[in-house]
Amino acid sequence: MRKLTYIDAIVEAMHEEMARDESVYVIGEDVDIKGGVWKGTVGLLEKFGAKRVRGTPISEAAFTGLATGSAMTGLRPILEIMYMPFCYVAMDQFLNQMAKLPAMSGGQIKLPITIRAQAGAGTREAAQHSQSQEAIFLHIPGFKVVMPATVYDAKGLLKSAIRDDSPVLFIEDRNLYYEPEEVPEGEWLVPLGQADVARTGKDVSVVTLGFPRRKALAAAKQLEGTVDVEVIDARSLEPLDMDTIGASVMKTGRLLVVHEAPVRCGAGAEIVRRVVAEYFDYLDAEPRVLGGANLPLPFSPVLEDACLPQVNDIVNAVRQMA
Amino acid sequence: MLRTMLSIRLFEQRVKQLYRAGEIVGAIHLYIGEEAIATGVSEALRRDDYVFSTHRGHGHLIAKGGDLKRMMAELMGKATGCSRGCGGSMHMFDPSIGFMGGNGIVGGGIPLALGAAFSAQYRGADSVAVAYFGDGGMYQGVLHESLNLAAKWKLPFIAVCENNRYAATTPVAKSAASHDFSTYAAPHGIPGVRVDGNDCLAVHKAAKQAVARARAGQGATLLDCETYRVEPHCGIIPDDRPQEERDEWGRIENDPIERSRRRLKITQPQFAKLRAEIESGLDEAVEFARQSPMPKIGSCDA
Amino acid sequence: MRKLTYIDAIVEAMHEEMARDESVYVIGEDVDIKGGVWKGTVGLLEKFGAKRVRGTPISEAAFTGLATGSAMTGLRPILEIMYMPFCYVAMDQFLNQMAKLPAMSGGQIKLPITIRAQAGAGTREAAQHSQSQEAIFLHIPGFKVVMPATVYDAKGLLKSAIRDDSPVLFIEDRNLYYEPEEVPEGEWLVPLGQADVARTGKDVSVVTLGFPRRKALAAAKQLEGTVDVEVIDARSLEPLDMDTIGASVMKTGRLLVVHEAPVRCGAGAEIVRRVVAEYFDYLDAEPRVLGGANLPLPFSPVLEDACLPQVNDIVNAVRQMA
Amino acid sequence: MLRTMLSIRLFEQRVKQLYRAGEIVGAIHLYIGEEAIATGVSEALRRDDYVFSTHRGHGHLIAKGGDLKRMMAELMGKATGCSRGCGGSMHMFDPSIGFMGGNGIVGGGIPLALGAAFSAQYRGADSVAVAYFGDGGMYQGVLHESLNLAAKWKLPFIAVCENNRYAATTPVAKSAASHDFSTYAAPHGIPGVRVDGNDCLAVHKAAKQAVARARAGQGATLLDCETYRVEPHCGIIPDDRPQEERDEWGRIENDPIERSRRRLKITQPQFAKLRAEIESGLDEAVEFARQSPMPKIGSCDA
């Protein structure tokens, strides 16, 4: 075992995949200048040259379309969006083009694109720099979506995403970037579509998306002795590992989903819908979603913290249902 | 080029009939009157060059070598269609000949073409990529972003504006501050060329230069091709353009096909023979489309 | 009573509100040319002049932003988006700007904007011209959202939307435009946030969004004698009339939501989430959502029809749950 | 104008200290070295003119007459902040003086300003609207769409590019095919003016002309103001710009404040006095911010 940070795991995954396949290249703002704003492309320019590490002007619509067009003609872009809300500037290219071209062409077009989008909240950067968008990319058909919450998953899922032949949205959380965790040496893959049971328990199933995995584990620890919490990190939202979630609910009869996006029409509502549709008879209490507040994230630290699900909120929600 | 233009014209007239008869449904935008543009451009292209089309794309595909049978089948929503019935008029695809699809979003295909140009450069191929768009596409910001990137990265990219004076019912003069779209190239330091879009030779000449530049690694070009949309915008929209304007553009001497015929000194009997040949190909195409099966449910789940 | 079409009701609402308030104006593509592509602005130019009826170039991002900026400074735009998927071209202006400015300014900015978006499917216009997006505008906080399915509601809700001081997304269905229905003379308002019980019944609650109201009523008719179906047209999705939906579920114990958008993370999932959270003990069967297929809408008529919930699908779904 | 520029400079230096000390958090983009632009522009504006700002907006607000106390309180996330703590550095608002907000999206504020210009024209007021943006904003298509609309509709709109040579860490020379952004105006038929953005008089002169044109109903202007970002892009990003370049721009003769001081023949003691006055205002502002309460939960639920 060795220690690696989440962002370095991402860099490592790209190094390996770019070495493995000449058609993989990286494109985004500042990616070719000292490893970019987040240090997410460190060393790539030096190793693979300016041809394969393309810093762009602030033209998200154009370079997202460019990435798509290059994928239509044989390349495998890794497209970096510096902050996830900047996707909106390129939304036609994401939702009308990238999402639809494979289907509209009757399957003649394949789009092996990985979108690395930096997300996360709680960093006091206010509403236009912090917004979870996984639900949008889940609702509009055409994307696979993953949200790694550990260093191990960051590397393993990114490699799977790059090798996948359809657009995969890889959502990173900047709050996880720089803290090292233990990981193995060498290469590994984490397949798309597998949840991770982060903690087993028998009383309540808590399903998390991204960063809240940590908070749920902390809550589970606090609740030890009173409620035995199972924490399932969904990791992959599309495809979604309903088998693992269902098995847990069959055991506990209680479901809480935690994510940072607003609850309304979020991924939590979708998981509740599916659990209710497929496991209704196993439920002993109403499934619940704990999510972000239903408003644009405010700047002031006290306000921002109040808008995001915290460890205490999870503890309370679990207590109420157990 | 005369044959290509005439094929497009007759294909479109057939589509119009079939649309009126209810055999073709959906939104259909005809290319009648604009045939010289796609024809002149494609004459300068190779099979391994890329074309990204628009909502008004039948002509672009025919000029690139599209199969009339599979096109007609697509319009009828059949399994044998060039997009297997999944795309329809606005979303025909034939990647095997570099035709990378129509686009229902005004301007939407422009950066995709930029990507194909990027890809060619990346792979060291000397293919070029053409993005067609209407005068309406000039108002979409992504065009300007794309011109900047194409210029800066010296991509083999050719932006072809089919300036037919109208975006749906809105005339250019009402929307554009500038009346000469070729001037949009200047700030990016690439050539912008205004062309008589009803003269296939003029278009071809300009396209040939642009393609040569692009293949030689000298970068992008913007062509502003002046033409006129003879038909209404789309099946559903009544046409209220000034009669004088339509008369002027409707003059036989302005018709791209007739201009070409006269220049080539093709006699009317020769022309009628050509026409008959094409019509019989179209008969086959329609028959093929009619006989083809509907797609199976689930066949578009890419 | 008199007969009026949905599109004429919309025109009438705008006539009345523009006459009532000088700050109301209309902006969008072709709106000043013979009443626009859909005939949704007929007569406005003649009555109110070119100042208040502004045809734009195809620059959705710029004119959406323009509408927002004008609302920041005292006007009340009615912004027309010709086909709803064109919203994506302007998505930064919708989701980063319009949605967030009021909150980011601490409430100093009010945005009395009505967005008229023409939606609907089944018209063989393929994926880039047909896509329901209500779930996106529900998920991203900042909008009220209505989806009228009758002529009466079209007029009444549009007038309420125009008078509202926050951005209201008014989703129209082109399939409803040209068929006349009976309506009263004169003015009326339909308040935002009230569902319409389109048919009372005691066995199953069917909640519809937009066009499927008709299909649900047809299904209910077919089921007469076997299952007594209550059809609730949600009309307003935000605010959502949970009282009416809840009361119905308390009576029937069975819920089916029908909409044309894909099911995953859609408004149906949200309604299920809320019903489960608030009325779990009243449920006698698992609540279900019937929605559009999970793919970009194909062109071919046989395929497109198979992707949308049809009367038969509703009948079958109700039978299964009753 | 010297006082305004110095207020901005000293405000920003104070912010930098407080940010280092952890009293201010979040993303902070300092305006140091660019003071002449907002100052020169605002000198040509009235209270009822509109300003739409960027992520680097403190200077724009101060120049428009912003209240230092409420600004400092906003940066500390307090209830008394100019956005009640809901916006922070990138989203300060003061509609009462026509300051319509910063914007975290590059280019995002441009069409909003267009809307304010539209609104003024609609209401028959002779107010004008200014959109600030960086060189990075030149790469966003919405700018070009906005210039076309502003030109076509003759809106009282002034587009001010603060061309500080860098977009985050990317130099202009790497992104822009063109090096003179004022040329972007030409295709739309509006004036494009390149200005020495470190000379408040030059900026003011150009802005005055643009404002006069706009007020007279003659439409839009694009100003390309050349300047330099003295500080790193943002707190979190290390600075790797070439030392020679920084030395050149760092020369005291290039400093907008020093240039103004010399021109006005303000002596060092006079200058020190001015400085002290401003500093004492800033002391008050910081104190006010520190003493202010945190906002109540729910207070941003607009």
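Worth a mention:
Labels for the chains are A, B, C and D, by order of writing; each one numbers its residues from 1.
The rule is short, and it goes like this: a contact is a pair of C-beta atoms (placed from the backbone, for glycine too) under 8 Å apart; a residue touches a chain by one contact, two chains touch by 3 or more.
These figures come from a predicted structure and were not determined experimentally.
With steps allowed only between chains in touch, the distance from chain B over to chain D comes to 1.
The most distant chain from chain C is D, comparing centres defined as mean Cα coordinates. Distance between chain A and chain B, defined via averaged C-alpha coordinates, is recorded as 40 Å. Rounded to whole angstrom, the centroid-to-centroid distance between chain B and chain C, based on C-alpha atoms, equals 35 Å. Each chain gets one centre point, the mean of its Cα atoms, and the points for chain A and chain C are 30 Å apart.
Multi-chain contact residues, meaning those touching two or more other chains, occur in chain D at positions 81, 83, 85-87, 91, 103-105, 108, 139-142, 145, 148, 152, 175-176, 299-302.
Multi-chain contact residues of chain A, defined as those touching 2 or more other chains: 56-57, 59, 61-62, 85-86, 88-89, 92, 96, 103-104, 126-128, 295-296, 298-299. In terms of inter-chain touching, the protein chains here all touch one another pairwise. Only residues 139-145, 147-148, 151-152, 175-178, 183-184, 186-190 of chain B touch chain D when the two sit together in their complex.
Those residues of chain A whose C-beta lies close enough to touch chain B in the complex are 25, 51, 56-57, 59, 61-75, 92-93, 96-97, 101-109. Chain D makes touch with chain A in their complex at residues 25-27, 74, 77-78, 81, 83, 85-91, 103-108, 136-137, 139-141, 167-170, 174-176, 236-238, 240, 294-295, 297, 299-302. Residues 50, 52, 81, 83-87, 91, 93-95, 100-101, 103-105, 108, 110-120, 122-123, 129, 141-142, 145-146, 148-149, 152, 299-302 of chain B touch chain A in their complex. Chain contact summary for the complex, chain A toward chain D: residues 29-30, 33-34, 37, 55-59, 61-62, 85-86, 88-89, 123-129, 295-296, 298-303, 306.
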